[in-house]
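Both complexes below contain chain A, partnered by chain B and then by chain C.
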Partner chain A sequence: MSEGPRIGVFICHCGSNIAGHVDVEAVEAYARTLPGVVFVQRNLYTCSDAGLSEIKRAIAEEGLERVVVAACTPRTHEPLFQEACREAGLNPYLFEFVNIRDQCSWVHMQEPEAATEKAKDLVRMGVVKARLLEPLEEQEVEVEPAALVVGGGMIGMTAALNLAERGFAVRLVERGPRLGGLLLRLDKLYPTHEDARALVAKRVAEVEAHDRIEVFTSSVVSEIKGFVGNYEVKITSNRQPATGNQHSLRVGAIIVATGARVFKPEGLYGYDGQRVITQFELEERFRTGGFDAERVVMIQCVGARIPERPYCSRICCTTAIKNALQIRERQPHAQVYILYRDTETQGTRYEAYYTRAREAGIQFIRYSLRHPPEVTDERVVVYDELLGARLGIPYDLVVLSTPLVACEDARELAQMLKVPVDEHGFFLEAHVKLRPLDFATDGIYVAGTARWPAHLEETITQAYGAAARAATILSKDRITSSGVVARVDEALCRGCSRCVEVCEFGAPSLIETAPGMKVARVNPVMCKGCGACAAACPTGAMTAMHFTDEQVTAMVRAALGH
Partner chain B sequence: MGEFRPRIVVFACNWCSYAGADLAGVSRMQYPPTTRVIRVMCSGRVTPGFILESFRQGADGVLVTGCHPGDCHYISGNEKALATVERTKRLLHLLGLETDRLRLEWISAAEGARFARVMTQFTEQVRALGPSPLTEHATRSTQYATRDTPHHR
Partner chain C sequence: MGEVLVIGGGIAGVQAALDLAEMGIRVHLVEKGPSIGGRMAQLDKTFPTNDCSTCILSPKMVDCARHPRIAIYTLSEVQAVAGEVGDFTVQVLKRARYVDETACTACGDCAQVCPVVRPDEFQMGLSTRRAIYIPFAQAVPQAYLRNREDCLGDEPIACGRCIEACRKQCIDFDMQDEVIELSVGSIVLAVGMETFDPVALTEYGYTRYENVITGLEFERLICASGPSGGRLIRLTDRQEPRTIGFVQCVGSRSLKYQRFCSSVCCMHATKEAILAREHIPDVQSYIFYTDLRASGKGFQEYIERARREYGVKYIRSRVARIEEDGDGRLVFHYEDAATSRPQQVKVDLAVLATSLIPGPDVAALAEVLGLELDEYGFFRTNPFSPTDTTREGVFTCGCCRGPADIPQSVAQASGAAARAAQYATGNT
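The block that comes next holds the complex of A and B.
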């Protein structure tokens, strides 16, 4: 018989999910003919305790050196089967998954013959890859039980406090001279109308009193190196004149809570900061007692939901309603108009809030981008889309609702962290639904308006979530990283640095082995196993383990029947 | 004479497109059984070599699938895939092979319907092109060589 590893193939019926559309007996018979295959078994459910026991038994009794399971998807079940291999003493990377359900029986239900042929092909591809699999080692690293939180606003402070209360040391970095962020400049908070500064002051006091939180104000992150569990961070003072003060920190996890800034509507609707101001500036007038107007016109979506900034800033409708109600509270006879395109007040509380504003006599007038309002010296002229008529509204004050936009320094921080931002400059999470607070880079999390504009209760929820996510790393003494990483054959490497250039995670670096002789080395803990370096390597020195050129090419050949 | 059933190699990234294929399955979306998926961690792993080898071995079409721009699990792997596919198309042209036999598609984990649609559309596209000229002279004893069912060509 052929040399090479002894391969066992397990074919799952998945009840009738697979067996109902694929002739599993024919697939079994076919698998027996494949080179290297010494054992084939069908299971009603290979993932059941009985199925897993069979895998372990066959590894022991049949001396299997490779295990192939033809069943569902590795995305859900690979860890389970790998663990069974591990328990039976087989390196888990000697396991190969073949998907004959999601890619076969379920999508070719009307063509059982073709589905069966495809299942055979997929099994053949899995078996040839299995022959070429190599055992891989996982790396263990110690975790520094401390966190870095970037951004000292409400969200950064909340995340920092939560982590500190869990017993972890926290370094909180704030670019401004004091903690508090955007909330310091607001008046009241919707929908409860509690005082923003009172709320934030309470949180600042809690943070400053906590002995596990170290606060760095007027400071920015200037350098980040390392990897999950072991980030090395430099923090530099941005005080003027420059002090050159720098701190070096070691942290296991990082939370980005850098917030957003308010768009300034320069050149729009006669914005002058005097008679035409932003909602933000209106709140400053409330706070400082500088508000005095009887006739107020608010214009919504100024600089938002337009081609160059197509997103909805989410908070502006409720902010306008809040401030309109505030005006009426201060001056019961004041006339307040809100010129809107669409009013977004979702959920159980905000819809009631909108109703409250209507009942209070706030006038809502719908405009469209085809006829945007015009602000003249005396009046705001608007084409009322519902009335179908032009109205001229006299005013004392025009208030523009402008969106939150990404901070200018977000991109710089993103580059240091090696995490992405979206086309608007907001930080981009690993997956909008499955990993909404994670970045793809392990040990780095995001919360608050750094991600996108959101209501305060939503961002505070995110702060707790991000802290909990960071704690999943920080609470471990050691973490294990995947064995699927890149590996360098130093004899073939000519030190061209292509791998260093293409890697987004800083995993490969050039090491001088002799004077003038450089070769690439990969830090396996930093490597994510994407294989970009292997694709870029001109000499074949770099190998993407578990997805080697040899393995992929063998699958290509097998796919085409060779 | 039955109709020509193309042989298509699909490279799918683990995080988006392979998950899209899973969703197509879970949603029971039907598409032609013409494709064979090879999972890679990232579309940026795919090399011109993998694509050319597919054609050399008799593929009538090759589809590279990855995460949408800005959505790559590895930040920029899909941009690398785009460059690879563009470069390989130029090589195909030099080889006298229709560049439409190679296609790049972004398919997210949420786009099961799109996965099925792309498989169907690309199958039609390759079917319209006919069998790959690279394999016309090669022995094609069966549609997929080890098949025991008769093929229809």
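The block that comes next holds the complex of A and C.
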């Protein structure tokens, strides 16, 4: 038959995930008829150890030069199959993935025959592409064993200390004039009521005494270049008047721990900073001795869980409970009401804390958005959802529980790091479930309330977690990057710089090869292989390897039955 | 570089092991059951993204199995620990699998001839397995095991059909339990949780009425690899339900059973209601809740979507009792919070959100390691050093330190790995 590489096709049942809706035997029989295919096998789970061993065996015994797996999704499983090819001595880029689960059995669950025909089409396209695949080289780079931690609050300091203890150099950058962050403005910490500033002071002392941590206060990150293992960072002083002080650093990994700020409830519930204040302002009064009230009404979800800010800020219920208990400790006869929508006191510690507050006589009144509380000069009027009645509660002080919101500078930092933020301005991790502290960009991690409002207990955990994630990079002498990158044919390049403009990762740049002659070069470690440059290139000089025009055109022709 | 012991092979243990190994540390991962994967492997989809649970978990399990610095010991338990931080000596009892796990290809020929039928634990007893079986298709290691108690073929050999059927001759009834000794610098505990048995709450009729099921049973029923192949059906008549009632806080936030909140149930009930609607387009779900606890990333928006796009009705009330009528339908009796009047609603299927409680190995390990437990029986931790236990060099993550969802467990696992690494390498 036709000349060309020997192709093996593996068709996965994925238990019943695929085989339940796609006739895998028919797909197998069809694959055998395709030009170049010398071996076809079905597996219950191709991703299992047994399935991977079969791939390796077939490469060795059947002399396969290309491997096609028709299974689930490359998003989760491609590295696994590529690794199996590599272990059997085949360049991992001679592997092609065909997704017949998401694209066939799942979306056409009700039409098994159509799903089967589509699976055949996709396998045909995959085989055609496999014939044209080329082996690609991966890049190895050395790792700078130092970390940049952005944010000198409790979380940034905790992450920095852990990394420093493990022997890595750490640069800690804090925008404010001193370390400590938001906790410096708190009085006590729930649920143990220990002193916030004492806890912070201890951590600050540890950081300042550590010879592997270099602290830059009143400083911001002004420029970030480079890539995992080799970031080049500029730090600029924000002291007024401007000093022009600037430092250039080289780090292997970056942790974002810039925190959040407290929403100010301007125009809500008569907020005036005098008789109607926020929980933060209440804690300031505790600290300065300015608290004096017998009748206190706290209103939860002020500016949160509303259409313009739909999220729950997680920490406000426990903060209100803490401050209610503080009031009772100072003034045992004080009356404290907490008007809430749902008590967010998950888990063991915080549910117990809620119980403790009720036992201490704190009154919890449930309201709903249908009848929000009203604050008049003398009383807070609220419709009690449980009693089904309107209550008027006289007060000396109204305390509004307001959410944590993203810092104003978060977007700017995100742009410099080329990482995303969500619609609320919080940093968006690589995967909500299994990569909660990673960004999609390698070597950059996130911890604390810059990511999402969370209890101190959770953010300290995240600080250690982000340190661990960063250490997985910093512990290595060198790391390898993908071979799927863009490549320039310098003979065709006119140096127009379109590729430089469209690249989100800063991978291409223009190099002067002769006086007045510029061509694009791609840094393969920074390139993510997205192909944006190849699409933008007017001369066809830029090629997205593994997705070349020739390969994609062949797939399209195969799809159309040519 | 040092060595670390990780006990428990669920998502928390798997993440801790991978982080440690990627930091260059040698990891011994000890799992009581026949496969790593834990509870997450039993879930269908995960909130709030509706990602397929096994699909995102199994690459991590395979990474563990293939990592040159991770040794996995299944069917194994830690029996004794001597020494101290930086220099622990650990005795691990590795129970016989009776199948050579490196040679087995998981072809299943053995199970096909096995005459013994037992309830399948992984499928929550909703289907059956043989005496020789693989716990689930993506299990790691990919190897069958023989349950000695279930098997007919022990001395004198009465059956032995599996031995004859196995062409690779992997089965060995004479395999012996072993005791393995390990030297490690630090220890991570990630032994997870159990779910509360709701039989005690007789008012909900669990086991008395077949159409009253638990959340985990629902996960298996709706899962493509479950006992009904992903068809959500009632157990009595194998018909699809038209209405489903979800009962929250079953055993949780209760003076009689667990005083704590199990953290994840508001969200998993919401997810299950969404999935039910995706499988059965006109199904109506009711979620009876105490407080809607949804403060994680994207959770409020998820609940809003459930309400608006999937027609899920949230009712703030504790269900007083469930009664079955003549035709297998279930009557929920509850008090309407708005009117304070007794109300009833009839549903086809009831799903109980049972509390997450510490499993027996938490107390057993606390005994072996000399650790304190909290008032609920979880490993005691301090809120400001959240992954440290009461013993130096011993760390904990996941649900054995209190109920947590998957991202929390994963973040804790990385956190515990960072702390354990400090001691494994001797840089304290």
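The criterion applied here is as follows: the second predicted complex is superposed on the first by the 438 of 562 C-alpha atoms of A that agree within 3 Å, B and C clash if a C-alpha of one lies under 4 Å from a C-alpha of the other, contacts with A are read in each partner's own complex, and residues count from 1 in each chain.
Just so we're on the same page, a residue touches a chain if its C-beta (ideal position, glycine included) is under 8 Å from a C-beta of that chain, and two chains touch if they have at least 3 such contacts.
Bear in mind that the values here come from a model prediction, so they are computed numbers and not experimental data.
Enquirer: So in the superposed three-chain picture, is A:Trp452 touching just chain B, just chain C, both, or none of them (first/second/both/neither)?
Expert: Once the two structures are laid over each other on A, A:Trp452 reaches chain C alone.
Enquirer: According to the stated criteria, A:Gly531 is in contact with first (chain B), second (chain C), both, or neither; which is it?
Expert: first
Enquirer: Report for A:Asp49: first if it touches chain B alone, second if chain C alone, otherwise both or neither.
Expert: Second partner only.
Enquirer: Applying the touch criterion given at the start, work out whether A:Ile511 contacts chain B, chain C, both or neither, answering first, second, both or neither.
Expert: Neither partner.
Enquirer: For the three-chain arrangement built by superposition, which of chain B and chain C touches the greater number of chain A residues?
Expert: Counted on chain A, the partner with more touching residues turns out to be C.
Enquirer: Now for A:Ala88: first (chain B), second (chain C), both, or neither, which partner does it touch?
Expert: Neither chain B nor chain C is touched by A:Ala88.
Enquirer: Need the overlap of the two footprints on chain A, from chain B and from chain C, as residue ranges.
Expert: Correct list for chain A: 73, 422, 431, 433-434.
Enquirer: Hey, which residues of chain A end up touching chain C in the complex?
Expert: Listed in rising order, the residues are 15-17, 20, 44-45, 47-50, 52-53, 72-73, 76-77, 79-80, 83, 162, 165-167, 189, 191-192, 194, 199, 305, 310-314, 342-352, 355, 385-386, 388, 422, 426, 431-437, 451-453, 455-458, 460-469, 471-472, 475-476.
Enquirer: Considering the complex alone, what residue numbers of chain C touch chain A?
Expert: Touch residues, chain C against chain A: 11, 15, 19, 22-24, 46, 48-49, 51, 55-60, 62, 65-66, 105-107, 137-138, 140-142, 224-225, 229-230, 253, 259-261, 263, 291-301, 304, 316, 337-340, 374-376, 378, 383-387, 402-404, 406-408, 410-419, 421-422, 425, 427-428.
Enquirer: Report the residues of chain A in contact with chain B in the complex, numbered from low to high.
Expert: Contact set of chain A toward chain B: 73-75, 99, 101-104, 106-111, 113-115, 117-118, 120-122, 124-125, 418-420, 422-423, 428, 430-431, 433-434, 440, 484, 502, 504-505, 528-532, 534-536, 544, 547, 549, 552-553, 555-557, 559-562.
Enquirer: Once bound in the complex, which stretches of chain B touch chain A?
Expert: Touch list, chain B to chain A: 7, 9, 14, 18-19, 21-22, 24-26, 28-31, 33, 36-42, 44-47, 49-50, 53-54, 57-59, 70-77, 80, 84, 109-110, 116, 142, 144-147, 149.
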